[in-house]
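Alright, structures below, take your time with them.
Each of the next two complexes has subunit A plus one other chain: subunit B in the first, subunit C in the second.
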Partner chain A sequence: MKRGNFIESSVAGFVRALGRVLMSEEIANRRGLLQALDPRVRLMGLFALVLAVVLAHRLTVVLTLFLAAVMLALCSSVSILLLAKRVWLVVLVFTGMIALPAIFLTPGTRVAAFAGGALPITAQGLSAAALLIARVETAVTFTTLLVLCTSWTHVLKALRWFCIPPEAITMLAMTHRYAFLLIDTASQMFESRRSRTVGHLPRAALRRMTARTAGVLLSKSIALSDEVYLAMQSRGFRGEVHILSEFHMKAWDYVGLLAFLGAGGIAVWAGR
Partner chain B sequence: MHIPDGYLSPSTCATLYAGAVAGWYGAFRRLKRTLLSRVVPLISVFAAFAFVVMMFNLPLPGGTTGHAIGVTIAAIVLGPAGAILAISIALAIQALFFGDGGITTLGANCFNMAIVGSLVAYASYRLIAAGASVASRRRIAAAAIAGYLAVNASAVVAAIEFGIQPLLFRDAGGTPLYAPYSMRVALPAMMIGHLTFAGLAEAVISAGLVAYLQVADPALLQATSGSRPGWEESSEAVRVTAKGQRRLWLAVGLLMLLTPLGVLAAGKAWGEWSPAEFVVAEAQSPVTAAGVPVGTVPAGMQRLANLWTAPFPAYAPTFMKSAAFGYFLSAMFGVGLLLSLSLLVQGYLARRRGTRYST
Partner chain C sequence: MALLFDLQDVGFEYDGIPALRGLSLQVTEGESLALLGANGSGKSTLLRILNALCFPSRGSVSFGGQRLAPELLHQNGFGLAFRRKVALVFQNPDVQLFNPTVFDEVAFGPLQLQWSKEQILSRVTTALELMKIEHLRDRPPYRLSSGEKKRVALASVVVLDPEVLLLDEPTSALDPRSQSQIIDLIQEWRGAAKTVITATHQLEIVEDIAGRIAVLEEGVVAATGTPAEILSNQELLLRANLVHAHRHSHGSYEHSHPHIHSHSKHEH
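The block that comes next holds the complex of A and B.
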């Protein structure tokens, strides 16, 4: 990264995060297989599939689940190109970097060797690396499908059905809301700083500037929490959380739930 | 350090979820002592702040950039309980909304970063900054060191989690089923990045934030300064604690009244024999199988038995005729002794705190 470019990269990161939110909301409102299901079924079903991926010990089973994830994405109006750019490529690079040395470091049956035999490739190493990459790709694809096809308010409402304390859900909801407010505030602070900066600042000055920006953001956050507290008090909030829920399971939702749980169960059984 | 799904086995994930749930429960209980309606927005907005701070690109020495977690400043401003919840919520949002860190590994990520990180940051900050005023430069150094230690402690725990995977989870052919590296590889691989960049990023942002707050908003540093009660120890908390203490004393009094029940118990607890009781056949029966000859007392036991003579042997002072009253008197004496010691320690600590206020 070029010297002084970190302001741009921070701002780009904030804009990217806001863009992702808008895109998720847009995909969640499309017509599709996952969107048609009750959010509780989506949450429970996709979690069951993630669990099946983690429990499966066979590469073929994990790859079958990956194909199922691709089919689900296609049926839910989620672009394969989007998944490839946002999930598969990123996971491949990161997990690939982590998994690659395992090919050489895992003891086992030698299948090939580099550098005159100093770097032996083992069958066990290849299997371990392939299994790790396939498993992470598949699990992250299922999680991303959940995030893309379910609006955040529905995720929170669905969590209420899984014995998560209401206070925790309220905090999650408030954090999500204020995170984007603070992202917007931080983005504006960095933008205004960039507009007032001529030339390049030394790195030490950039560090101080970042810490000061974070400090101002912290003060603003605390002031914001005071305002929210007063607003909650004025509305009579006494710590009890009541969430309206209008989720209704239909026959289609039960079929979906059974299909998810059945697929997960079969995958766990076949992948032993 | 955000572990994605697939790196850890389900049993490791379940164990770490259990550890995280214990941490969340403890933190939540501690915070519930304060006004819940005050805690909810404070933790939520702080979690949002931590979430945004994790997105800051920080220029580091050597021409690279890094990200902080924000766990240290959370522990300094909110205390450990608040930090555990705020960072956990930020991590949950990252996992559920951005796919950064897995769902099955959320417990592990919260355990490593929110719980271990917060506790290490808080303990090291309090230890290094002990006795320093809020405006002291020592607090800046303490925040930097606490940040560095917290991130590296979290990384060590994560590396151990990775390192145990190939030891415990392999298939019949010897293929590792989850993270494939042994501790010998996982630990240095994980620590190189954290000892150099990630720890430094947390140290820089924590020190910078404390330096900023010392000038702009010193009240935020009061909570964990040790010089004044923080928001966790507000009047509400003190009132609730006082109520709890009253109940505790009532329970202690009741138990003291019930102590004579002890004389009704017959027999001797296994392994609590005196040398005289040891030679009795009944006491010997469980140990004869181990080859100890009947009727003999081990030489070591005999030698150590007379090392110390209790003032109230067997909870019965020698001058008492009634065993039940002797039991009761022993209970009174024990509780009184513990109470006196506790009051002495409290008095000493209060005097020390008073000296610090006056300086």
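The block that comes next holds the complex of A and C.
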């Protein structure tokens, strides 16, 4: 994709993201350990484990939690290859860049040196960098497992149990719903324009066309929001959101919740 | 039958562009009326005014003898009763499907009307069964086909068991089978003595869905009558852009005449 087409490439990226979301819904419908639990337990349990990762100060504890995340993924029909490509590699690159200076700047026992001793690597620096990377990798793995094993609708419903105002949840749900619709519209607009364009347009013309497309999309989204509001009013919406919950906790869910909270508590205690 | 809607000299504009220009129309209880008109004739605007989603800039609209006004709709008693009685299915189902799942979508109306949880669960299940979409219950709307979206949109108003159904192009963009199923549903509602007002430009379905037709032309009612009276008035249909002059030749002589694509009766 040419540089001038950055918006078009962004829209294409959103469309790919939409495809990934649809795939994650497929994972959420598979049989597995996490999928068998009530979404509220998944949300609360995985949040407790993320909290434990953040509070643990020992690398061994964080690595144990990472191992637990891998086991949880395997028991929940989540591909390790998918996690490696989508999470571990990306996190390693970004966190690695942040952690790299710590290896050289943290004072302590020198284990190696570069540039004739001007860039010393310390054991404490290595340890701090390893702890940071392990923490981020583990926390993001738990969060990804929640997203992959729980459909977005269940995440939203589960949020209702954590004192999040229903208005905020409704806004989130509608944003998610209409973001997809508008991304689809934008993608079709670019496709339609491409089908009527021969050769390459000059940069300035491309910029003007992109600005016009953005303007039209904005107008469409405003018109759509007006229509949606009318459709809500038509079915009795009067500014106050009423919601219904269908979740039922079973014995297995309580066992799962206790296991999550117990594991999180032990990790915090052992990693202090 | 008692008078349900009474519209007198109704005018409405969108940013100064007139959509309705002094429209007058009466609808009685239990009537099935088709609003027939070309694109831009004011059908959708009229349905919105009948559903009290917008109010005329001039003239008046009465429902059951009460003049519809924003203040009246904001009163809890009248507002909730009106929304329970009168339901609108929008032309574009994407507008109407704003909830995360099909179940939530169908339950939205009953929840806003503050029904009990048991009543909501039972009525939503019945509506999903009636529209044959139980299998879509937990699916998000963006993963549905056009026909399925239309069915969910219909279920979301059928669940309220309204006395008056306002349908905006209910069969547009649907395959023939889905069209036929929706026409069957409208006929069922007609049989159940509900008031059904359908906006359409499809001449081939009006005989099946309505006992009376109002032809809209540039924001006014150009004519009303039975389907037989309206469909036989070629001049009116041509003027209202509901039929087109079909050009063809007989040897060296080429001419045009009004042409209806209508298949009202099929025998198999």
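Note that in this section the second predicted complex is superposed on the first by the 240 of 272 C-alpha atoms of A that agree within 3 Å, B and C clash if a C-alpha of one lies under 4 Å from a C-alpha of the other, contacts with A are read in each partner's own complex, and residues count from 1 in each chain.
Keep in mind that, in the parts below, a contact is a pair of C-beta atoms (placed from the backbone, for glycine too) under 8 Å apart; a residue touches a chain by one contact, two chains touch by 3 or more.
On a predicted model such as this, the values are computed, not experimentally measured, just so you know.
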{"item": "Which of subunit B and subunit C A:178 touches, first, second, both or neither", "value": "both"}
{"item": "Contacts of A:44 with subunit B and subunit C, given as first, second, both or neither", "value": "neither"}
{"item": "Touched partner set for A:61, first subunit B, second subunit C, both or neither", "value": "neither"}
{"item": "Touched partner set for A:224, first subunit B, second subunit C, both or neither", "value": "both"}
{"item": "Subunit B versus subunit C as contact partner of A:235, first or second or both or neither", "value": "second"}
{"item": "First, second, both or neither for A:153, with subunit B first and subunit C second", "value": "second"}
{"item": "First, second, both or neither for A:72, with subunit B first and subunit C second", "value": "neither"}
{"item": "Broader residue contact with subunit A after superposition on the shared chain, subunit B or subunit C", "value": "B"}
{"item": "Partner chain(s) touched by A:186 [first = subunit B, second = subunit C, both, neither]", "value": "first"}
{"item": "Contacts on subunit A seen with subunit B and repeated with subunit C across the two complexes", "value": "152, 174, 176-178, 181, 224, 228, 232-233, 237-238"}
{"item": "Partner subunit A, residues of subunit B touching it in the complex", "value": "4-7, 9-10, 13, 24, 28, 35-38, 40-49, 51-53, 55-61, 63-65, 73, 77, 85, 89-90, 92-93, 95-99, 102-104, 166, 171, 173-181, 185, 204-205, 207-209, 211-213, 216-217, 220"}
{"item": "Subunit A residues touching subunit B - in the complex, by the definition given at the top", "value": "1, 3, 6, 9-10, 13-14, 17, 20-21, 24, 47, 50-51, 53-55, 57, 87, 91, 95, 99, 101-102, 105-108, 123-125, 127-129, 131-132, 135-136, 138-140, 143-144, 147, 152, 155, 165, 167-168, 170-172, 174-179, 181-183, 186, 203, 206-208, 210-219, 221-222, 224-226, 228-229, 232-233, 237-239"}
{"item": "Complex contact set, residues of subunit A against subunit C", "value": "22, 25, 151-153, 156-157, 173-174, 176-178, 180-181, 224, 227-228, 230-238, 242-244, 246"}
{"item": "Contacting residues of subunit C [partner subunit A, same complex]", "value": "48, 51, 53-54, 74, 79-80, 83-84, 87-88, 90, 92, 94-101, 103-104, 107-109, 111-114, 117, 120, 138, 140-143, 156-157, 160"}
